[in-house]
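The structures come next, written out as structure tokens.
After this come two complexes, each holding chain A, first together with chain B and then together with chain C.
Up next, the complex of A and B:
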């Protein structure tokens, strides 16, 4: 099948799949971002067990392949009498893994804060949480826009894990498998999805650098 | 025997501190009365800054006691944050918050720590900025200011907390020569207004001008304590004489 045939026959399904990928990406990134911040706070907290927990968390989810995690969630959890719907399994995997990277980016963003500012905050009587909320996290976020942009793209690519389980509606990778098992889309079926991934990544990258320029901290 | 008037604003009793093998504070006993301006001088590495920072508990001490108006300052916890807020501190490297405007730098702690209303704090912050001469820089971020302007803003940030005492840790050491005076003038004004202050500095003529008392430190010890007149004209200890001579030699 050529490009025009594919688009006329499956165009609306590709569009649906694109929206699904966007939705999965947005939900995963939001979740990863939130957990990433919490884990980072734990990693710099004055409470040692929390720090250890945060470090272990990051080591685990930074180093486990997405497919392996998804298989564990789908096929291993039922042995513990926990059966999650497929979309929940996928989203859990695509939240947990990026959350570890999110925390790493925040940690390196924190390293741009001069220790003197932390001393000044302590000197003014700010508590640990006030310091985190007002000084540390805002600066870490503003210094890590570009790596976070990359993380958003990586999260989008990770959502292709959805194609590995019978999840409906299908995502951009899932739709290719569908077309190629029911029809003869060939390579062109992949090319369309790839183009849509690329386009989204380009837009994300562009927005990321605009945001970075706007919020970057003068030093 | 102590009635409220005689309780020193800051008091250090037998304070000791080591960095590994190095004995950086040796049996420090020091008190600063309300309204007094005490200047600490001494060669680099003599423990002046460490002493200043240990009062705020920015450096832990090994033993001894540090009291604010007779109340011991604890090593950690909520009470520490509370007492810290009552002691203003100005650092060598200004340490303004890089991501906030000058005005926000000043209002942040009074709003968050003292729970004052944003409006009230904002008005006071602008008055303070006016007083230190950087009112027109209020909406800029610190990196857009000169070092002298940043340090004056940092002084305003401390004053906004209405501290009982101000500590200055070499406030002009990171400044270009032409900016030193503008910062010293602000500090001198505070001295005239009766602010209790402990100042670590290398600016001898300034020390002479504002100090009620000069403390000379060397090797982690307080070697000599005197009025500025006597200290600078006729130091008692050989070490202080050597130190002052080395300055004149420059």
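Up next, the complex of A and C:
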């Protein structure tokens, strides 16, 4: 099927799919960022059990394959009498996995701050919270713009997990497998989705490097 | 300068008052985490998931052999995929250093493979490729898309490795009369390769994770064999949990290895810089 045929027949569905992928990406990234910050706070807190919990959390969700996590959520959780709707399962998976990477990026962002700065802050009589708010967080955020941009793209790629469950509306990957199993979409059906993914990634990347150039700390 | 993790120097030595507070919060945290664990265990036991019939077959040797066979296929696919993506990534990286047209094509391919999810490539090999007349086996239907999807990232990693080699190295080699080609393969790339070993291992982890989609093309990897076990023993939760743990452990080990190598490289680079500094001072 040619490009025009595909677009006239499935154009609106592609548009729906693009919006679904964008929505999933935005929601997942926001959730992942929030949980990532909370886990990072736990990991740097002076309370040992919380540190250990944070470390284990990160190792689990950093290392579990997305498909394995999604299958656990969709097929295995009902055996514990926890039945979640498909879209909740997908969002849970696409929040938990990036949240672990988010925490890792924040930790390495914090690690770029030299101990001298913390000693200086203390010598100036800043309280702990002042130090966190004025010294640590601004620098950690500024040096993690690029990793966070990459994380946003990675989150978008992770949302293709949605195609593995019968979720409606379909996402950009789901629509392609639908068209190719019910119709002869051929290569073109893939090219459209791939182009939409790539353009989104390109725009995210451009914005990310613009912001990074503005806020980066040169050392 | 003190080194180590920020967690270790974020706080002052706590006084008696703070120590007491930390102890109290530690207690609360332990109780909270135990409550969470208790909740999970209660859910398991109330739904009968601790029942012996869900776990007893794990004592059988055949169960592990079957899972092991699947794991071997998984590892084989991951290693083959990584090798292919390394080759493709190397070509793309070299392409980026060529003339205008080849550079443009290479940049496009790098951006393309980095911006498209692996699953889309897998569906391409699953749904479109067989219609062209070329019918790859299930193994290649999962390995090739995983490799293609990773090659752009590999190319970028290799490029940053090449950029990290000090310029003087290249200049020295050229001024010794070595050709561009010889300089790249004998001087620049061997050093660049050492720098990028950690990110190549990290890439192996990504390929390994992507191969879990092998069930889409029904390749008998760890996940697929787990499905067979599930239909044999009618034990979904226990098997999927064990398989998830296997994946997590392997990836954890690989990531730890990558961090170890990166750490020891940072140390040796620092030593070299310090030696150079020392030489500059004394000389």
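Methods note: the second predicted complex is superposed on the first by the 203 of 219 C-alpha atoms of A that agree within 3 Å, B and C clash if a C-alpha of one lies under 4 Å from a C-alpha of the other, contacts with A are read in each partner's own complex, and residues count from 1 in each chain.
FYI, a residue touches a chain if its C-beta (ideal position, glycine included) is under 8 Å from a C-beta of that chain, and two chains touch if they have at least 3 such contacts.
Every value quoted in this text rests on a predicted model; they were computed, and no experiment measured them.
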item	value
Partner chain(s) touched by A:207 [first = chain B, second = chain C, both, neither]	neither
Touching partner for A:217 - first (chain B), second (chain C), both, neither	first
Residues of chain A touched, compared between chain B and chain C (which is higher)	C
First (chain B), second (chain C), both or neither touched by A:116	both
Partner chain(s) touched by A:186 [first = chain B, second = chain C, both, neither]	second
Which superposed partner A:30 touches (first chain B, second chain C, both, neither)	neither
Chain B versus chain C as contact partner of A:71, first or second or both or neither	second
Chain A positions touched by chain B in one structure and by chain C in the second	113-114, 116, 122
Residue ranges of chain C touching chain A (in the complex, touch as defined)	1-2, 5-7, 9-12, 14, 22, 25-26, 29-30, 33, 43-44, 46-47, 49, 111-112, 114-120, 123-124, 127-128, 131, 205, 208-210, 212-213, 215, 223, 236-237, 240-241, 243-244, 247-249, 251-252, 255
Chain A partner contacts - residues on chain B that touch it in the complex	56, 58, 78, 81-82, 84-87, 89, 91, 93-99, 108-109, 112-113, 141-144, 154, 157-158, 161
Residues of chain A that touch chain C when the two form their complex	43-44, 46-51, 53, 59-60, 62-69, 71-72, 75-76, 79-82, 107, 110-111, 113-116, 118, 122, 128, 136, 153, 156-161, 163-164, 172-173, 176-177, 180-181, 186-187, 190, 193-194, 197-198, 200-202
Sites on chain A touched by chain B in the complex	113-114, 116-117, 119-127, 130, 134-135, 138-139, 142, 217-219
